[in-house]
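There are structures below to look over.
One chain, chain A, links the two complexes that follow: it is found with chain B in the first and with chain C in the second.
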Partner chain A sequence: MLKTWCKYGALYLMMVPVICYFLVYGYYPLARGLQISFQDYRLIGNRPYIGFDNYGTVWHDPNFWKSLTNTLVIGGGSLVCGFLAPLIIALSLNEVLKSWFKKTAQMILYVPHLLSWVVVGGMWIYLLSPDTGLVNLLLQRTLDIPPVHYLAESGWARVVMILVATWKDMGYNCILFLAGIVAINPSLYEAARLDGATRWQQVRYVTLPQIQSTMKVVLLLNTLGVLRIFDQVFVLRNNSTAPDVDVLMYYTYQKGILDFHVGVAAAASMLVLIFTLLLTLIVRKLTRFDEV
Partner chain B sequence: MGIERFERAGWGSRVFDAINLLFLLLLMLTMIIPFLNVISLSLSSGVASMQPDIILLPKDFSFEGYKIIWTSLDIWRPFVNSVTVTVTGTLLHVLLSSLAGYVLVHPYVPGKKLMITFILITMMIPQEAVLIPLYVVNKDLHLINTLSVLVLSGLVSGFSILLMRNFFLSIPYEIAESAKIDGAGEFWVFGAIYMRLATAGLATVTLFEFVRRWNMFTEPLVFINDSMKYTLQLALKSMIVDTSATSSTYMVTTNVKMAGIIIAILPLIAIYPFVQRFFMKGILLGASKE
Partner chain C sequence: MNFNSPIKTSSRLSHLAESPAPAWKKQKTRSRITLLVSLLTLGSMLLSACGTSSSNASNGSGANASSADGSASAGETSSAPAADMKLRILSSNVGGKTPEEMKKFEEEITRLTGIEVTIEKPASDYDQKVLTALGSGEKYDLIEGSDLGKLNTFIDQGVTMDLTDFVQGSKELSDPTVVPTEEWDQLKGKDGHIYAVFSKFQGGTMPIVRKDWLDKLHLQEPKTLDDYYNVLKAFTEQDPDGNGKKDTYGLSTSGLYDIQGFMSAAGLKYRYVMKDGKRTIPYASDAAIPMYEWFAKLTKEGILDPNFVTNDTAKMRNLFLTDRVGMITYWDAWVGMLNNTRQEEDPNTSFQAEAVAGAEGPDGKIILRRGDPDYWMVPANAEHVEAAEKFLEFWHSEPGIILGSLGIEGEDYTKDNGTYTLTETGKEHGMDHGVPFWYNENVKAPFDKLPGVQAAQDLVKQYATLELSLPEWSDAEKIVTNYALKAMSGSMPAADAVKQMQKELKAANLIDE
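Moving on to the complex of A and B:
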């Protein structure tokens, strides 16, 4: 024992700050969250345990279910669009022969992913504004479409959320798809060409089946993000669209930080945690991720 | 895939290429035009920026927006806060992740499996789900409304540790062994050999963390409500989005708001062309580790 310490002591010492950090900011909050979710949490005074009351409150709150629906609609929409758009772009980029064009395009498409939601949201709030926004001005002057307040109309709010999210992240996922395509053995294309495959057929019968595992990775990574949507909604929401866009994370924020019902918010967080685990399990099963 | 793939490109193939190129160009325009619009608005005069007009070049060119946001709206304070938090946090993050990554490089350390499991589990806890308890923990530690809380959040991550470990693994372990035979301690081997040879890894992790911290929004929103401690993102949010709340004294014109957006983008865009390849590498390494 002592000998181990002498030999590996320095290494353990190096690990100490990391372990302490994870204990205080990783594991402890999880346990604490579980505890608070069963408590009537107050700032001062005692905090009696009240069993499943907080969970009951959340469960019977129609706003919670509305938030869940919004999360699934916006998250699901972003998941589908955020999967298809980069896939199409990657396939399209792959058909370009000029490598400088390919690189420039990739570089430009990735930029929005680098920026915060406040910046991206702020930009789109202006681009979509009804009187001075570029989108409405262009539509009005070219196609004579009357201005629409996209961010204030409940019919548009979710669509805008999904489209802006796709716009922001497509460059990122595109890189993953392109990496998958580059890794395909060139002799497969050669064989397909000898068999007389057209360019479309090469994409259909060689490229797509060959990047299936990349697709699964991208899908799984994006699924994990579905329930996490927050910054985006926080920046782009407003009172008129709130019922259509307020997501689960916003619900917890509102309950815990704005209304200070910490116990209820903790219970909602625990439910989010369970949903996340379930969702991950389902996607893993569906894509048979472990077999890749 | 080289040119030979299309050596007998016929007429149909050329039409396909043209349409494909057009599609990509249009797509790039949807990225470029919004930025052009924002830059031009920020460089226009207040009056011009408020008029409904398609502005892709500065109209009535002036630096008015930048002047107002920097002097009258005191954006420098959130800016300095953001820089402080981002730089300190990133340096500590890289150091701690490297240390842990270095420990896990050793082929035999008693308890290594346990340490790896310990780290992997933290990666499965969604940060969002512990936001409320984190608030309570920070409150108990009296860290609410301090900049330290922002440095502490995400001080180290399993993702970065594994990324650093992978970069370290490409350094032959024999180098470390021979240095130790010559009497070097672990800290010396770590600092003088591993940290110097893993520049690409350090650059990748530094960049990712820098971008993450610079853009951090949820944490400051929840943990900070003293406007003196606001970060740039928070200040920007209250300026751009909650217009009704801040315009009590005077109206914030569009060019000022856009100048704010440019200030928040500038550090990222300035480094981006030089470090692009590290991003690509990091993204791919990150995805393959999940």
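Moving on to the complex of A and C:
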């Protein structure tokens, strides 16, 4: 043991700053959050421990469960669409032979990922406006569909959230898939062609199985973010659609920052953490992630 | 590239690698080098961390210094020289408009009071900053607030200092000509004690109409709900801007509280109203149904701006300023700013914004909305209470009011033989450095109010009343607003919306009847 320490001591020493970083900025806030969730947290003064009362408050709050439902619907929808749409586009782009077109398309698709949600949100609020918005104008002039205030209608609010989120991150995920596709050994396609495989069969039996590991990584990474949606909702929500789109992180924000009920907000955060852990474990199990 | 060839990082390293030494010695040398590199890496990181920390310390020296000196200052008597006093302020509105001007603002306070001041004015997320500051134990001597609901939360959580004795003992603040006695009720907690001091006079909201459009279409100022409907319809259909296109709306709003002037027609007041000790929300009562139906009619006929659900106030104002809408509901002070903006663009403009009283109720009564006041609170952990109190008295005196309104002498205005002249910078800043209007009747405004403001303020004084802020309002507001907007936009029948509101409010124990 001592010998190992002497041999690799320097390497362990190099790890110290990294460990310190995670302890200070990762685990300490987590531990403090856990502690606060058991306290009657006052901004100034004593903060007595009250057991699981904050958790009880959250558990019995119908808004929390409504927020969880919204999170799962919007997050789940974004997860599915945000996985399939870039995959389909990556497979399509891979079939394009003109490299200039491929590169241009990739760049255009990637740009929204670089923009902040404030910009993207403002843009879509404008585009979806019922009187001057491009979407309504196009639908009205081409299909004679009367204007709809998509961001104010309950039925549309969640759909808009899912579609805009998919649109924003499509380019990023698409690049990950394309990177996976590029790494496929060309001899596999050659062998498939010799066996008489069509383009579709090459995609079905060569490309898709070969990028399976990339697909698993993308799916797991996106799963981690399902319960953490916030920026998008913060920008695109309004009072008319709030009950349909307010998600768990917004619930936490409201309790903590707007209402100053820090203990309740901390308890809600801890529950979000537990749900994320469970969700990730389920996805890992279902995708057999470790068998990559 | 030959990947098997040794990597030549430096001549010394390669020399060491190639030297014919025994294996144990080579291993030891490698370990030493690795150790050296590790130590250097760690050392540089620690040094950079120390650098950051020391630089942070120096950045916050004002705060730290004030902490260090605070106990001494706080313990001194009021006759202590003001120059020894220090003050750390967290503000959302008060101060300079730019970091450079803020520095001059601080220096001006020091010049006028002798108090060494540090003002922190976050560019955004003010509530978040207040929460993190207080939660992390940061010590401010004054924190600005603008929400009475939050003030109540602060009082409940022991954040604010009881200022009753100070206010009642203060020659300036206890003077009813400086702050009217009844106004203090707004800043009292449940125990009847005063927990904050006003930072400015807060006005109210009301419908603001294009008077020039009224005149052009030969319409009278609306008084009843039917009058309002006729005016708004005419604004939509009779081409008031004269461009030959049907591109105007009668009305635009932003948020439910903005419609108070119309809900007045049914005698309905926003937020909670206590009735025989029971919590009621008039906007969720059956009496509100015809009002929501009235709005739904406006929506259906294209009179109400269809974006009213997603509008923020800036969008609403822009529609008004760009001749797209004939009426909005907004703050009294903005009547003047809207007029001023258009006049600055074009001195010959016919644009004329004018405040109108809301629609008369069944008994002829009008209800307008008085805004929550902006206030200063002294946190319970403040270290320079005496300096804070001195500043609060200064803030309500003539020099404080001139500073909070006009700004800094030499920067925003010049004074010659008692005559004030605004500089170009001062004109840009619009005579608002946190105090566009004030309570103190002894201080006369150096300049006339912008056109239309006085009439709007008269309406506020005559008709506006404060709203009742109960802690549960934020939850109730979500339910009320959601269904009210659905009813107003016509996506849900008004009767169903109100029924659903009542059901959910009762289920969540947010109303008593």
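Details
Operating definition for what follows: the second predicted complex is superposed on the first by the 268 of 292 C-alpha atoms of A that agree within 3 Å, B and C clash if a C-alpha of one lies under 4 Å from a C-alpha of the other, contacts with A are read in each partner's own complex, and residues count from 1 in each chain.
One rule holds in what follows: a residue touches a chain if its C-beta (ideal position, glycine included) is under 8 Å from a C-beta of that chain, and two chains touch if they have at least 3 such contacts.
Here the structure is a predicted model, which means the values were calculated and not measured.
Applying the stated contact rule after C-alpha superposition, one finds that A:63 touches chain C and leaves chain B untouched.
In the superposition on chain A, A:117 makes contact with chain B only, not with chain C.
In the overlay built on the shared chain, the residue A:14 is in contact with chain B and with chain C. When the two structures are aligned on the shared chain, A:145 is found in touch with neither chain B nor chain C. Contact with chain C, but none with chain B, is seen for A:239 once the two complexes are overlaid on the shared chain. Contacts of A:278 after superposition: neither chain B nor chain C is touched.
In the superposed model, A:125 lies in contact with both chain B and chain C. When the two complexes are overlaid on their common chain A, residue A:257 makes contact with chain B and with chain C alike. Which of chain B and chain C touches more residues of chain A: that partner is B.
When the two structures are aligned on the shared chain, A:286 is found in touch with neither chain B nor chain C. When both complexes are aligned on chain A by C-alpha atoms, chain A residues 10-11, 14, 17, 41, 125, 131, 256-257, 262 touch chain B in the first and chain C in the second.
The touching residues of chain B, counted against chain A in their complex, run 1, 3, 5-6, 13, 16-17, 20-21, 23-24, 27-28, 30-35, 37-38, 41, 50-55, 96-97, 99-100, 102-103, 106, 109-110, 115, 118-119, 121-122, 125-126, 128-137, 152-153, 155-156, 161, 185-187, 190, 211, 214-218, 221-222, 233, 236-237, 240-241, 254, 257-258, 260-261, 264-265, 268-269, 272-273, 276, 279-280, 283-284, 287-288, 290.
For chain C in complex with chain A, the residues that touch the partner chain are 31, 34-35, 37-39, 41-42, 45, 127-128, 131, 134-135, 150, 153-154, 157-159, 255-256, 305-307, 309-310, 379-381, 474-475, 477-479, 481-482, 485-486, 489, 491, 507-508. By the touch rule above, chain A contacts chain B in their complex via residues 4, 8, 10-12, 14-15, 17-19, 21-22, 24-30, 32-33, 36, 41, 89, 92-97, 101, 105, 107-112, 114-119, 121-127, 131-132, 134, 137-138, 141, 167, 172, 175-176, 179, 186, 189, 193, 199, 202, 217-218, 220-221, 224, 227-228, 230-231, 234-235, 249, 252-253, 256-257, 262, 265-266, 269-270, 272-273, 276. Those residues of chain A that touch chain C in the shared complex are 6-7, 9-11, 13-14, 16-17, 41-45, 62-63, 125, 129-131, 147, 149, 151-154, 238-243, 254, 256-260, 262.
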